Amino acid sequence: MIIGKVVGNLWATRKDEKLNGLKFLVVKKQLNKHAYSDELIIAVDNVGAGIEDEVLITTGSSARISLNRQEVPVDMVIVGIIDKMDYIE
Amino acid sequence: MIIGKVVGNLWATRKDEKLNGLKFLVVKKQLNKHAYSDELIIAVDNVGAGIEDEVLITTGSSARISLNRQEVPVDMVIVGIIDKMDYIE
Amino acid sequence: MIIGKVVGNLWATRKDEKLNGLKFLVVKKQLNKHAYSDELIIAVDNVGAGIEDEVLITTGSSARISLNRQEVPVDMVIVGIIDKMDYIE
Amino acid sequence: MIIGKVVGNLWATRKDEKLNGLKFLVVKKQLNKHAYSDELIIAVDNVGAGIEDEVLITTGSSARISLNRQEVPVDMVIVGIIDKMDYIE
Amino acid sequence: MIIGKVVGNLWATRKDEKLNGLKFLVVKKQLNKHAYSDELIIAVDNVGAGIEDEVLITTGSSARISLNRQEVPVDMVIVGIIDKMDYIE
């Protein structure tokens, strides 16, 4: 899984109707405690994450599994809010 | 999901017949509000997107799910047109 | 999907027998009209592509779907020959 | 598969309940014997790995298969602890 | 598919038992005839490849298909030994 920080929201009125009701969050991908990637990713929230939360993101076909309905065309889902991450640098 | 801007069209007469009827758009992958990747990607349109639209793209096996027929060999589908994206820089 | 230019052929006598009968093409991944990646990829041809053709390539599990037999261990298949690609630079 | 070194732990109280009971390890992706990537990844432990262990990681849908229950939204699982890796540089 | 050169072996006594009996080879990913990536990958051998062989590697869910048993948590399998690769530079 990858880690990131929630930095914003994305709205899309015209969308695949299978995406209705989902919340899309803008996430800055985090490389480590000191660095972020320049690339933003859009992840569906499945844990009630908010702005500035550090989150755990599952990608690919495994992301769909988090949503409990396999027929949703998403490939990145926030599956956890990080409380603490300790590591040797 | 990734974000991008629709910049053009792609035509392919000789193709896998399972792709017949699909519209292929040329998309510039967007890293954030200020930067684009040099790499173009080709995505199938599923929301009526047009040139200059900023779009949400689902990749991999999840892309097929958007098309409502699993037997299509595509790995990038436009699943939404972005109205607004707000984020803390 | 990604785009590339067919630049050569690859032969492998000793291979997984589920790959028998497939044609492996060497493809230079194209970033845009003016730039190619240094990385070569090997894709199975499903449209009769030849050297110098610009092609559309589907990757991952979706690549298998193009071949009409799911039991083939391939992850990149040429699904179309590009006639024209128009885009705003 | 990719290789990495276990460098820490990650805790997430609020998470997809399908992740309950799993242990999340912080892993530094290893490029070769002399170099690591700056990017940390989070992998679920399936072999009893500990800090400083060099490990083998399976990604994507194959990661779920390691856990013996397909309904878990994970995309990186530690499937082995490396005893030795010999290679010609 | 990607191409690489077999450069070594990897041993892991403590591993997911579904990996028992598989041979793990250390592979240097090849970008083209003149360049290699710095990143080593670990692939399961399915064709009897040996040190210095140039090989064809299938990744992701398609890699499992090569092994004829879908319940194996691997994402990179050597599916062919390259005899010859001719291409226009």
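Lettered A, B, C, D and E in written order, each chain numbered from 1.
Methods note: a contact is a pair of C-beta atoms (placed from the backbone, for glycine too) under 8 Å apart; a residue touches a chain by one contact, two chains touch by 3 or more.
Chain identities (UniProt): A, B, C, D, E = EutN/CcmL family microcompartment protein.
Predicted model only: the values in this text are computed from it and were never measured.
Chains that touch both chain A and chain E: D.
For the pair chain B and chain D, the distance between mean C-alpha positions equals 31 Å. Chain geometry summary: the mean Cα position of chain C and that of chain E are 19 Å apart.
In chain E, the positions touching at least two other chains are 60-61, 63. Listing every chain once round the ring, from chain C with chain E next, yields C, E, D, A, B. Every residue of chain A that touches chain B in the complex is listed here, in rising order: 7-16, 18-19, 24, 26, 38-43, 51-52, 60-61, 63-64, 70-76. Residues of chain A that touch chain D in their complex: 1-3, 31-32, 35, 46-48, 56, 58-63, 65-66, 77, 79-89.
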